[in-house]
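So, here's a batch of structures to check.
One chain, chain A, appears in both complexes that follow, with chain B as partner in the first and chain C in the second.
Let's turn to the complex of A and B:
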C-alpha cells in the first residue's frame, strides 16, 4: 500500500538549463523541499508555495505550479474535502493549520462602496489642506464642560476633557501576535514601526521581551487565560492592557504553543520551562460572567494606576450583547476579531466554520452601543482580515474607531500566506523560532517596510476622506450614509445599516 | 503619632459617599481603618503608607473590599487583614506577606508572582489561578477551581496548601508547582475533593492527605502514594504551614499521602495532524 493517498499540492519545476547549481534554494526552503546531488532535486510533497526559493533563486529558474490533477467533478466533494478525509483516515488527528479562514464565504467589504462629493458639496484635496487622522483610543466622557475665556471664546474646563486615552497618529494598529508564535525579530520590527508611526503594537499572550522595553509606550500588553509572563512589571510597562477572551480564527478554544517552539528565550519571556507545551485554557477560569470580567478589568487597573484596559473577543453570533456587557464592565475598548482573522495555529475545522464576518460585527456592535447610549464609553477596534485602506475606510464608516492588522503586517515582512505557520518552519523567518530562519528578518528592514505600509494606507485614507468632503477621520466614523451596498440582500443591508446603491 | 484624613471622589457608584480611611502611623507600622471605605481608597492608602516607608500595614474592619495587595511590588512588607478579605486579594502580587485574620473570598493569589498569603479561615473559588511563585496557606475549606494552571519557572515555584476540603477542578491544567490538600480543618460533610482533579495536568505535583477514587482524577494524571523522597520535599512546606496555624505536623503526616503527577509534559502532543 502507498504510505499516503494524498498527492502533492504543488509541483516545483526547475529549468535546469538556466540553473547555476548554486544550492541557494536548498538553503532557503524552510520545509526541506530540496536535496542536492550535482543539482537541486525537489520533493514536491513538502512544498507549501511560500515562494522563498523563487524569490532568492539568482537564475529565476524555479516555478511553483498547482498540481492540478483532475478529479471527477463533484462540487459537493471538493478535492480539498476528499484530501481531508484521506488525511484523517491516515492519522486519526485533528487537522491543524495556520493563517486565516480561506473558504470562499461572501466578502461583505467587497460588496460595499464609498461615496464622494460631486457639484453640491466640494471635495477636499488632502495634499494641500489639513486632513486629520489622529485618533484617541479609550473611554470618552459623557459630556464636556466649557467655560468662556473672557475674550468671547470658549475652552474646555480643566479636567473635564478626554483623559486616559491613547493618542494614535492614524487609526491603524498592529494586531496581537505572541513572541513564540512569531519570532523576536518580528516583534522588534513591529515595535519599532509602531513607535515611528505613532501607533501601537500588541504583545499577544507570550509576554514582553526585554528588547522591547524601549518601545513600551507603543505596546499593548495582553493578558490571556494562560497568564504567560504576566507580572506587575509587565502590566505597568504597557501603554494599555488587553484581556484576550477570544480570537477570530479560533473562537471559543484555547491556545496551544507546541513544546518545539518553546526555546530558552521564549521560555524566559513566557516564564515557563523549555520544551513543555504552553497551553492556554479555553476560558479564563476567573471569568465566567460579565461581573467576573469587570473584576479582572478593575484588578488590572488597580495594579497599574488605572491604565486603559481593552477586551478582545471573536465576532460570534451574539456579539452585540456581549460587547455591550464588556463596555458596561468598564473596558476602555472592545477589540472585535472577525472570522477571517489569522492565527499561528488553529484546528482547521474551527478556523473555517466558526464566527461571523467582521463587517457585520462592527455594524451590530456600533448600533447596539449607540442604542444603549454607551458608545462613547469605549472605542471599537476592528480586525479579522483588513486587507487595504479601502477595507479600513469601510470598517470605520461601519462604526470602528481603529483597525488592527496582523496578516497584512506579516505580508509586509515577506509572508506569502502559505498557511504553514503552525509548522514552525516558516521560510520567511516569521512564524518560527529556528535561529537560521529568524535571522532572515532584520528588524530595521522590517520596521521600514511596516512603516511604509502604514503611511501608504494613511495617505490613501486621507484621499478617501478628501473625496468624501470631510477633513477628519472622526467625521467618517459610523457614517453609514456614506456607504452603499451592491449585491447584498435586503436583510443584510438592514443589519449593516447600509442602503443599496441607487437609494 | 500622626493622623491623616482627606476626601476625594473617584468615580464610585452614584450616591456612594467616598470616604478616606483613617490612617494612624506608629514608627514603621501603619494602621488603616477600613470600615465603610471603598476599596480604591483602602488600596490607595495601603500603597501610600508603603511608599512612605511602612513595613507593617494593619487593615482594620475589612468587609469584602477587593484587590488588597493586588499588583503590590514590595519585599519585607507585611499586611495584616482583619475581617473578610474581598475578591482577588494578592492578585499579581510580587513580594509582600499578607495574613488574613478571617476568611477570604474568591481569587486569592490570582496570577501571583512572589510573597506569602496566610488565611486563618476558609477561602472561596479560583484560588492561585495561573500562580507562578510564592506561597498561599489556607487554614480551612476552599471552593471550586482551586490552583488552576499554576506554573513553575526556574526558581519560581508556587506552593499552595489548603487545610480543609475542596470542590471540583482542584489543580486543573496544572503546569508546575505544588498543591496540597489536607482535609483536616473542614466544615464540609462530603469527600476530600470533588471531580476533575488535575484534569489536563501537564506539570507540577498534587498531594492529598487521604485517598481519592479514580473517577475523581483527570486522565492526564498518574496516581501514586507519596514516598520518602516526596515527604522530604513536603516536610519543610508542611512545617511552615503548621507553624502558621499552630498545628501538630505529626497529625498531618499520620495518614498516607496520595500523589498526583502528570503522565506527560505534552498531553496533547499526538492530537494533531499538520495540514
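Let's turn to the complex of A and C:
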C-alpha cells in the first residue's frame, strides 16, 4: 500500500533552462520541499504554496501550480472532504490547521455598499480639509457634567468626564497574536508599528517579552485561560488588559502551542518549561459564569489602579446577550471575533463550522447595547477577517468603534495564507521559533510595512468619510443609514439594520 | 375623544404596534406622517432677528428678510415664528392649529374644552394671497390649563401642555399643533415665505424676536405641518442643511428614548437640543460645541482644563455631533441661537445694529432690513451666535419633566413615536 492516498495539493515547476542552480530555493523553503542534486529537485508533497522560493528565486524560474487532479463529480463529496476522510483514516487524529476559516460561506461585507454625497450635501475632500479618525477606546459616561468658572467659562465637574480611555489615532489595532505562536521579531514589528501609528498591539496569551517593554504604552496585555506570563508587573505594564474568553477561529476551545515552538525565550516569557506543549484550558477555570467574570475584571482593575479591561469573545449565536452581560460586568470594551478570524493552530473542524460572521455580531451587539442604553459604557472592537479599509468602514458603520487586524498584519510581513502556522516551519519566519527562519523578519522592516498598511487604510477611510460628507469617524460609527445591502435576504437585512439598495 | 390623556394616559395596549426597523421594509405608514416616509433632502434659506433691548418690531421685517432670499426656496414651504407677539395674553398658552376638516376641529376642541379654560378661540387672521392654495383650516386658541384638572394630574403646566400636544398630534386625525408656547406663535405653510407671511398678515404682529425659513425640498411633501419652524412649547427651530450623520444621530437619540420618525434632520437637531440643554443641563455654549465640535487639532492646543472638557464632550457626544452642512436658528422666549456646522458648509451671516442682532443665510437680508448695520460678520464654523433679550429668562424649561419619547411624540405627532410613552 502507498504511505498515503492523498496526492500533493501543488506542483512545483522549475524552468531548468533558466535556473542558476544557486540553491537559494533549497535554503529559503521552511517546509523542506527541495533537495539538491546538481539542480534543485522539489518534493511536491511538502509544498504549501507559500511562495517563499518563488519570491526569492533570482532567475524567476519557479512557479507553483495547483495539482488539478480530476475527481469524479459529486458536489456532496467534495475532493476536500474525501481527502479529510483519507487523512483521518491514516492518522486517527484531529486535523489541525492555521489561519482563518476558508469555507465559502456568504460574505456579508461583500454584500454591503457605502453611500456618497451628491448635490444636497457636499462631499468633503480629505486632501484639502481635516478628516478626523481619532478614537477613544473605553467606557464613557452618559453625559458631561460641568461647572461654571464664574467668568463665563466652564470646566469639568470634579471626578466626571471621560477618563481611563485610550486614545487611538486611527480606529485600527493589531489583534492578539501570542509570542510563541509568532516570533519575537513579529512582536517587535507590531509593537514598533503600534507606537508609530498611535495605536495598540496585543500580546495574545503568551506574555510580554522584555524587549517590548519600551513600547508598553501601546500594548494590550492579555489574560487567557492558561494565564501564561501573567504577573502583576505584566498587568501594570500594559496600556489596557484583556480577558480572552474565546477566539473566532476556535470558539469554545482553548489554545494549543506545540512544544516544538517553545524554546528558551518563549519558555521564560510564558513561565513554562521548554519543549512542553502549552495548552490553555477551554474555559477559564475561575470563570464559570458572568459573576465570576465580573470578579476577574475588578481584580485586574484593582491590581493596576483601574486601567481599562476588555473582554474578548468569539462571535457565537447569542453574542448580543453575552456582550451585554460583559458590559454590565464592568468591561471597558468588548472584543468580538468573527468566525473567519485567524489562528496559529486550531482543529479544522472547529475553525470551519463554529461561530457566526463578524458583520452579524457587530450589528446585533451594537443594537442590543443601544436597546439597553449601555452602548456608551463600552467600546466595541471588531475582528475576524477585516481584509481592507472597505471592510473596516463597513464594520464601523455597522457599529464597531475599532477594528482589529491580525491576518492582514501578518500578510504585511509576508504571510501568504498557506495555513501552516501550526507546523512551526513558516518559511516567512512569522509563525515559527526556528532561529534561521525568525531572523528573516527584521523588526525595522516589519514595522515600516505595518505602519504603511495602517496609514494606507487610514487614508482610504478618510477618502470614504469624505465621500460620505462627514469629517470625523464618529459620524460614520453606527450610521447604518449609510449602508445598503445588495443580494441579502430580508431577514439578514433586518438583523443588520440595513436597508436594501434602492430604498 | 376615545382616549383621556390625563386620566387614562393613552394605554399602550391600545396603541398600534409598529416597530421602526420593520418600517424600513414597508410596514404600515404612521397615521399622521404626511411627510415622506423617506428622508427628505434639500436646501433652504433662513433668518433670525432679535432686539436684545426687548423692543418690538413688525413681522414685516421678517417677511422682507425672507423675500430677498426667495431663490433659496422652491415654494414648497415657508414659515416664521414670532416672540412677544401676544402681549394681551402673555400668560396663556397659545395653540396655533391646523385642521384638515371640521371633524378634526371638533375633536381637537373637545380636548381643549375638557382640559383647558379657553379664553379666546378664533380663526387665524389670513388674507387671500396669490400662490397660496390648499390651506388647512387655521385656528388659534388662548388657553390656560383647567386649574382643578392640572392639580389632579399632578403635573407642571408645561408637562400638561405637551401631553395635550402629544394627544392631539397623535390621536386626533387631521389635526396638527403648529405651536403651543406662551406669547409666541408659528406661522407656516406651503408656499414662498413672503407669500406665507402676507397670507398670515404678519405685518400686524409686533415681536422682539423673529425667525423665518424658506424651504427647498427635493420632493413634494405638500404638507403644511412639515414646513419650518418646528416648535415645542416656546422653542422653535429652523434649519438649512443636510445632516450627513443623520443615521447615527437618530440611533444615538433612540438609545435615550427619542423616536426619529419624520425623517427630517430638523427633528434630530430639536431632540439633540432637548437632550443636551434640558435633560443633561449643558450650557448652551457647550451644547453647541458638542453639536459642531472643534477639530482635535484645535482641542490639542487648548489650555489643559479646556482640553479635558472638550475631549469629554467629543468622546461622550460624538454620536450626537451634527456632521455635514447645516445652519440652524433656535428661537425661544428670550432670544435666539444660531449655529453653523463645524467646517461651515452652509452660509450663515450675522449683523449687529445697536441692540438688534440678526442672522441670515445671505447678507442681502441684513442690508434689506437693517439698512446701516454697525457690524456684519461671518460667524466661524461651529461658533454660536447667541442673542438674549434683556431681563428675560434663560430658555430652559425647568418645569418640564418629559421623557424623550414624550418629546418625540409631541413634536411629530406620529403614533409610532408615542407607543413607548409610559403609563404613569
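One rule holds for everything that comes next: the second predicted complex is superposed on the first by the 489 of 503 C-alpha atoms of A that agree within 3 Å, B and C clash if a C-alpha of one lies under 4 Å from a C-alpha of the other, contacts with A are read in each partner's own complex, and residues count from 1 in each chain.
Assume contacts are C-beta pairs under 8 Å (C-beta built on N, C-alpha and C of every residue); 3 or more make two chains touch, one makes a residue touch a chain.
Predicted, not measured: the structure shown is a model, and the values here were computed from it.
A.B. asks: Taking the superposition on A as described, I'd like to know which of chain B and chain C A:94 touches: first, second, both or neither.
C.D. replies: So A:94 only meets chain B here.
A.B. asks: Thinking of the overlay built on chain A, is A:360 touched by chain B (first), by chain C (second), by both, or by neither?
C.D. replies: neither
A.B. asks: Touch check for A:482: first (chain B), second (chain C), both, or neither?
C.D. replies: Once the two structures are laid over each other on A, A:482 reaches chain C alone.
A.B. asks: So in the superposed three-chain picture, is A:122 touching just chain B, just chain C, both, or none of them (first/second/both/neither)?
C.D. replies: Touch partner of A:122: chain C, not chain B.
A.B. asks: Quick one: classify A:143 as touching chain B (first), chain C (second), both or neither.
C.D. replies: A:143: touches chain C, not chain B.
A.B. asks: Examine A:468 and indicate which partner it touches, taking first as chain B and second as chain C; both and neither are also allowed.
C.D. replies: second
A.B. asks: Touching A:376 in the superposition: chain B (first), chain C (second), both, neither?
C.D. replies: After superposing on A, A:376 lies in contact with chain C but is clear of chain B.
A.B. asks: Over in the complex, which chain A residues touch chain B? Could you list them?
C.D. replies: Answer in residue numbers: 87-88, 90-97, 225-227, 230-233, 235-236, 256, 258-259, 267, 271-273, 275-277, 279, 281, 285-286, 295-296, 298-299, 302-304, 347-348, 419, 422-423.
A.B. asks: Which residues of chain A touch chain C in their complex?
C.D. replies: Interface residues on chain A, with respect to chain C: 117, 119-122, 124, 129-130, 132, 134, 136, 140-144, 146, 148, 154-156, 160-162, 165, 370-371, 373, 375-376, 468-472, 474-482, 490, 493-494, 497, 499, 503.
A.B. asks: Applying the document's contact rule, which stretches of chain B touch chain A when the two form their complex?
C.D. replies: Going through chain B, the ones touching chain A are 40, 43, 66-67, 70-73, 87-88, 91-94, 106-107, 110-111, 113, 126, 129-130, 132, 145, 148-149, 151-153, 156, 169, 172-173, 175-176, 200, 202-203, 265-275.
A.B. asks: Hey, which residues of chain C end up touching chain A in the complex?
C.D. replies: That would be residues 21-22, 24-25, 38-39, 41-43, 218, 241-242, 244-248, 250-252, 254-256, 279-280, 282-283, 285-286, 290, 293, 295-297, 305-306, 308-309, 311-319, 321, 323-325, 342-343, 345 of chain C.
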